[in-house]
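Chain lettering (A, B, C and D) follows the sequence in which the chains are written, and residue indices restart at 1 in each chain.
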Amino acid sequence: MPDYQPLRLRVPEPTSRPGDQPDFSAFHFPVAGSVSKPPIDVDFNDIIEHAMTTIRVLNKDGEAVGPWADSISDDILLKGLRAMLTTRVFDERMMALQRQGKTSFYMKCTGEEAIAVGHQLALQQGDMNFPTYRQQGLLIAQDYPLENMINQILSNAHDPLKGRQLPIMYSAKDHGFFSISGNLGTQYIQAVGWAMASAIKGDTRVASAWIGDGATASNDFHAALVNASVYRPPVILNIVNNQWAISTFSGFAGEGRDTTFAERAHGYSIAALRVDGNDFPAVYAVSKWAAERARRGYGPTLIEWVTYRVAPHSTADDPSRYRPKEESDAWPMGDPVLRLKNHLIQRGIWSEQQHQDLEGELTQHIRDIAKTCTEHGILGEGSKACDMFEDVYETMPAHLVAQKQECEALNND
Amino acid sequence: MPDYQPLRLRVPEPTSRPGDQPDFSAFHFPVAGSVSKPPIDVDFNDIIEHAMTTIRVLNKDGEAVGPWADSISDDILLKGLRAMLTTRVFDERMMALQRQGKTSFYMKCTGEEAIAVGHQLALQQGDMNFPTYRQQGLLIAQDYPLENMINQILSNAHDPLKGRQLPIMYSAKDHGFFSISGNLGTQYIQAVGWAMASAIKGDTRVASAWIGDGATASNDFHAALVNASVYRPPVILNIVNNQWAISTFSGFAGEGRDTTFAERAHGYSIAALRVDGNDFPAVYAVSKWAAERARRGYGPTLIEWVTYRVAPHSTADDPSRYRPKEESDAWPMGDPVLRLKNHLIQRGIWSEQQHQDLEGELTQHIRDIAKTCTEHGILGEGSKACDMFEDVYETMPAHLVAQKQECEALNND
Amino acid sequence: MTKLDIGELPEAGRAISDMSMIEAIRDAMDVCMGRDENVVVFGEDVGYFGGVFRCTADLQEKYSSQRVFDSPINESGIVGVGVGMAAYGLRPCVEVQFADYIYPAYDQIVSEAARLRSRSAGDFTAPITIRTPCGGGIFGGQTHSQSPESLFTHVAGLKTLMPSNPYDAKGMLIAAIEDNDPVVFFEPKRLYNGPFDGHHDRPAQSWKGHPLGAVPEGHYTVPLGKARIAREGAAVSVITYGTMVYVATQAAEEMGIDAEVIDLRSLNPLDMDTIRDSVQKTGRCLVLHEATLTSGFGAELSAKIQEHCFYHLEVPIKRVAGWDTPYPHAQEWHYFPSPKRVGLALQSLVEETV
Amino acid sequence: MTKLDIGELPEAGRAISDMSMIEAIRDAMDVCMGRDENVVVFGEDVGYFGGVFRCTADLQEKYSSQRVFDSPINESGIVGVGVGMAAYGLRPCVEVQFADYIYPAYDQIVSEAARLRSRSAGDFTAPITIRTPCGGGIFGGQTHSQSPESLFTHVAGLKTLMPSNPYDAKGMLIAAIEDNDPVVFFEPKRLYNGPFDGHHDRPAQSWKGHPLGAVPEGHYTVPLGKARIAREGAAVSVITYGTMVYVATQAAEEMGIDAEVIDLRSLNPLDMDTIRDSVQKTGRCLVLHEATLTSGFGAELSAKIQEHCFYHLEVPIKRVAGWDTPYPHAQEWHYFPSPKRVGLALQSLVEETV
């Protein structure tokens, strides 16, 4: 075959690496308000374009424009801003605790606050999120007690999870927040199963599944889409595309110049939309639409939230090793908190002063809570040494009873 | 939420069940020759329609028409017919052996012969198929010794796989035929890895991956598409959509009124085509196109072959329990052998008489071979009792040496 | 000589029918679905068709496709969906078509079902039952013959069961479905239609007329974690489960050895009391299973038995098990521990002197 | 007292450098890639970044992204791609970021890599090495701490290794990459930067200056299937591997017990000769590992030891292992077998009289 050239493996490269200029020139976003809002019973086939474009509501001047802008109330906007700001301040405080050695580990969602907060505000009591570790906003938007979160992070005597889980791996059934798994992707198919149960029982509860751009490559992503395609249960399939999976850019999950993650849904007959995840009103409106669609029996919706992971992957990560330090500043969609703040000011229901005051108030508030929490112990202090034998099974079997006794004897010596 | 209606789970149902009239009214196929043939370097995005339609070459009158009809020679067509007929006759003979109790198990590919045969003829020496259990045509089209196949099926003294594998789970590296796995889907991602190796080595060998409609639901299907999307290696991703997976129709793998399996590829930036799998010239031409595309460095192509599983799933299956007996006769795409035969006659290079003669000759030939093979043993006769310890590792470790001795002692008593 | 201890006897007067293990398993699901509308059943080919082994036949017709349905060919999805449903409050009883195909679901079983209660401190639970046919002897080759039970006994949070007869199968499956923890329920497929003593060249036996094929109608349970003495004896203890219960009994009869055969039924939780009593009585012990030897469940049994009974053991514990090879197709009767192989092991155990 | 048997010594005069286990592992891949262009390395974050534990740092730069690259987050795909490449003729050395995330790849490892040679009668083979960090002690919670080795020792066709020091890690990894069978290579992450004796509250030690951190440059192998006597002794044998080698040694020192500590290095194939010699000499045996007790590899060890050494055993074999629970986050030092727990076990073993 002399006329065939030797092949080479194509290995994707991000547009820039440390030392390079950040380069988002390949990102093209339509102007705010330009994408239509389909009826909730729309066939997936009729909104193919919605997976290729980007739904945006806030324009350059901070105005909310277009068909997705209508339904949103001042109340929701103010709640949203407060929750987003709380999330951001909370993240900063927890990072500080980690630096002080009070917790071993933390994960921030900086730059992505609008997604979880906006989504949660669009759900109803009784719905269930199957979150990843970067959706703390789901809890904060519902006024879940920050104490619980901090006690969990500190693995102290008041930790609702009794020190068993890595910090931030919350579980809060009453708040529609499924136990976070350290194993990527697994919860995506569980959300589909939960939604199937809702349909089997004749209920109208909605499941909301969460996954990152990187983890869309995992097998259970496919399991989820196949099952959602077949049984069409009331589930929202969220993909948080924050461009990075630890050190690996989204190209290694198959995002390409010509495809979006949202388009994965089409091959499964699933309606899909792609949304500016840093645009709170857009997040809220699209989430509301998808939840309503699910609750009315029109089945699953996949939503790709386009955003940027401003923070390091976790406290164990140093992004300056694999991407330009300035990349997050160059992110063309801006900062979600700032954009919402500007919109509220433009809308006439908020001011710089109010914002500063709120930030100060939240900072103080969270500092106080954190302080109280640390009094119940840090870094596992206060958690029971031999607690691990509990909740392995509903009833402790004989061999665990014996092992627990041995564990206790060792501790009492 | 009083205004929400209780949800119900959507559970797909095929159009007909035993007792019903077969119903293929939802199947719409374009006329032969109407689908364009793109250049091999086409971008996946420019042939989106090719995944939704059906490429066909043979028209109602048995003529080969349209852009996909050109390159095919008389020689290939005659070879194809012979191999397809051999496959069919072989299947019948092996079924007879099974009924006679000479093998415990068999799987036919009746109605699907054009796919494996046409595809294999479009590949080159050095390429590698990663087949399922329903691609015996890949071997037969290369004149792989039928003796080897029958000896394997009989698990006799001459079985190249030494009785270790279930009948029909062939392996033939020299013939570009990867060891068949009983585990569905696993080989799809391996094919991608093999193709990646070809690219890494700077070779131009092509891998061809095979999967059934049912098994597209399996996780490794996704693993394969993601990796193919990322590294764009020289791989052809074949989906044989024969409508059924044992008793389960393709709707349970997510095929819907509005989506084809081929369309799954788009979300991964992979070029995809959907083809009439019962149309030999179409199979050959599209396979040739995809192989050339791969060999020239334009990456993966996914092909959905639309066909119908005329046979029971295996000798352990009775399809009359879950689909109308007449369904296979009602299949709108007809019989691949008959269609090719008619085309050759129409083309003036074949006749009814020649066809009958060939069929008679092959029947006799295969009967003879089968007879000789049974002389080397049936149902495991002639395979070595304690062979199983070989090939577990390259070098037998001490514990297996000891176990083998024990096994042999038990046999010599 | 064989003692037919069928566990907790249902109350007197209950109707009893002869059932195969398949019928008993189906009946268990039927009983559970009838009593609790949260019980749902799904898996590959289990809906309209009723399962490739017919274990779910007629259930879809009886309970509708809302509660009994086919699944996509994705075992990870089957279990993942089940975990989600269980978190909702349902009690899924799912089928993995062959135990050889359970590996794609391994992550969902180990990392999710088994961990959920613990990692959420009881906030969420996963009461799911995973039924799967295991074992060889049906000429099924290496992908229709495996016995992977020890891959599950290693996993904290799971219960692992393997019944050996219709009576136990029904009672244990009902107990499993009603249990609030995830259960992996192995069904030795070679026993589906009758007890099997390893003599593959003799006519197959059926459950019809067999005392353990006499299955009470309606609801009853066999408690999880209770072994059964399948045969009483004083010379040597055979600790086993599944198909090997019959092989052991047969081997003992053939060799005329006074062996006590314990059918564990439940591997985790394990009934150490029954094992200990027997081994301390006999002082000699054979651990027997069809699964591959190395790191099979027999390893755990042997380790535990010598921990508990060391000073009673007169000779070393022996293990007889499938060889450390893939399950071969044509040579399966050389892999499957035969009555002869088991008999020779029993003989050497009773004859060995210190 | 600790005997530093470092296996086959490389020829005299070879340059030696102090290396951490991370450096030794990286060096092994470097050596293999330099010698054989069929060796390729990939996994999540292993390419540009060099791995979350830095085990592949600089390799991409040295060998290009054609041979060292990042993978999608899909462990089944990582192994599946590797099996396909191996069938082509390459020698992939892949990384699974944490052993806790190996389960999605379990099917590809068990049903494919392990079976390929056998099922194709040698027509195809799968010389793939799967590296994965295991074990706890880094405050990683239940998904960054597991030791699932026994799930692999049960699988015929696989080799399962776990080095405990830089010298072995390099020599064993080279041997694994050069081996023509699939190897699962567990790296006890708590040993990456230094030996660790279980005293988590004392200052961390480094490999610098440690005899086992002295790693020859270039090519050498530690043969697979050969155990190492980490500490000689006559009173009791400790059969262990990985991090527990140091805990055992420490416990023996603290208790003043003349224990012989065997570092298995390779679990399958297993060096029964070394184990037998030791246990027959001491007559007392502790089996020790960090993994969960039930059906852990210690079960197999205990079963095999009593089969081979029954008449030499003076007291029952003891197992000390992780409890049968998920690995807890905050309480990890109560899960991790401590020097105290090991020491008490040793004491009871040497003090027990019949």
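Heads up, the rule we're going with is that contacts are C-beta pairs under 8 Å (C-beta built on N, C-alpha and C of every residue); 3 or more make two chains touch, one makes a residue touch a chain.
Note that the structure is a prediction, hence the values are computed from the model and not measured.
Colleague: Among the remaining chains, which ones contact both subunit A and subunit D?
Modeller: Expected: B, C.
Colleague: Quick one: point me to the chain whose Cα centre is farthest from that of subunit D.
Modeller: Between subunit D and the rest, the longest centre separation is with B.
Colleague: Report the inter-centroid distance (CA atoms only) between subunit B and subunit D in whole Å.
Modeller: 42
Colleague: How many angstrom lie between the centres of subunit C and subunit D, each centre taken as the mean Cα position?
Modeller: 33
Colleague: Could you list the positions in subunit A whose residues touch two or more of the other chains?
Modeller: Residue numbers touching two or more other chains: 8-9, 11, 162, 164-165, 169, 181-183, 196, 198, 200, 217, 219-220, 222-223, 226, 230, 252-254, 388, 392, 399.
Colleague: Where does subunit C touch two or more other chains at once, residue-wise?
Modeller: 66, 72, 74, 76-77, 100, 103-104, 107, 111, 115, 118-119, 142-143, 156-157, 268, 294, 323-326
Colleague: Which of the residues in subunit B come into contact with subunit A in the complex?
Modeller: Those in contact with subunit A are residues 1, 4-12, 43-45, 124, 196, 198-200, 202-204, 217, 219-223, 225-226, 229-234, 251-254, 256, 258-259, 261, 263-269, 295-297, 299.
Colleague: For the complex, give me every residue of subunit C touching subunit A.
Modeller: Residue list for subunit C touching subunit A: 40, 66-67, 72, 74, 76-77, 80-85, 87-90, 104, 107-108, 111-112, 115-125, 156-157, 159, 179-181, 225, 268-270, 272.
Colleague: Within the complex, which stretch of subunit C touches subunit B?
Modeller: 44-45, 47-49, 52, 65-66, 69-74, 76-77, 100-101, 103-104, 139-144, 293-294, 323-326, 328-331, 334-335, 338, 340-341, 344
Colleague: With touch defined as at the start, can you tell me which subunit A residues reach subunit C in the complex?
Modeller: Listed in rising order, the residues of subunit A that touch subunit C are 128, 130, 160-162, 164-165, 169, 171-173, 178-179, 181-183, 186, 189-198, 200-201, 207, 219-220, 222-224, 226-227, 230, 388, 390-394, 397-399.
Colleague: If we count contacts the way the header does, which residues on subunit C are in touch with subunit D in the complex?
Modeller: Touching subunit D from subunit C are residues 76, 100, 103-104, 106-107, 110-111, 114-115, 118-119, 142-143, 148, 150-151, 153-157, 268, 287, 291-292, 294-300, 302-303, 306-307, 310-311, 313, 315-319, 323-326, 354.
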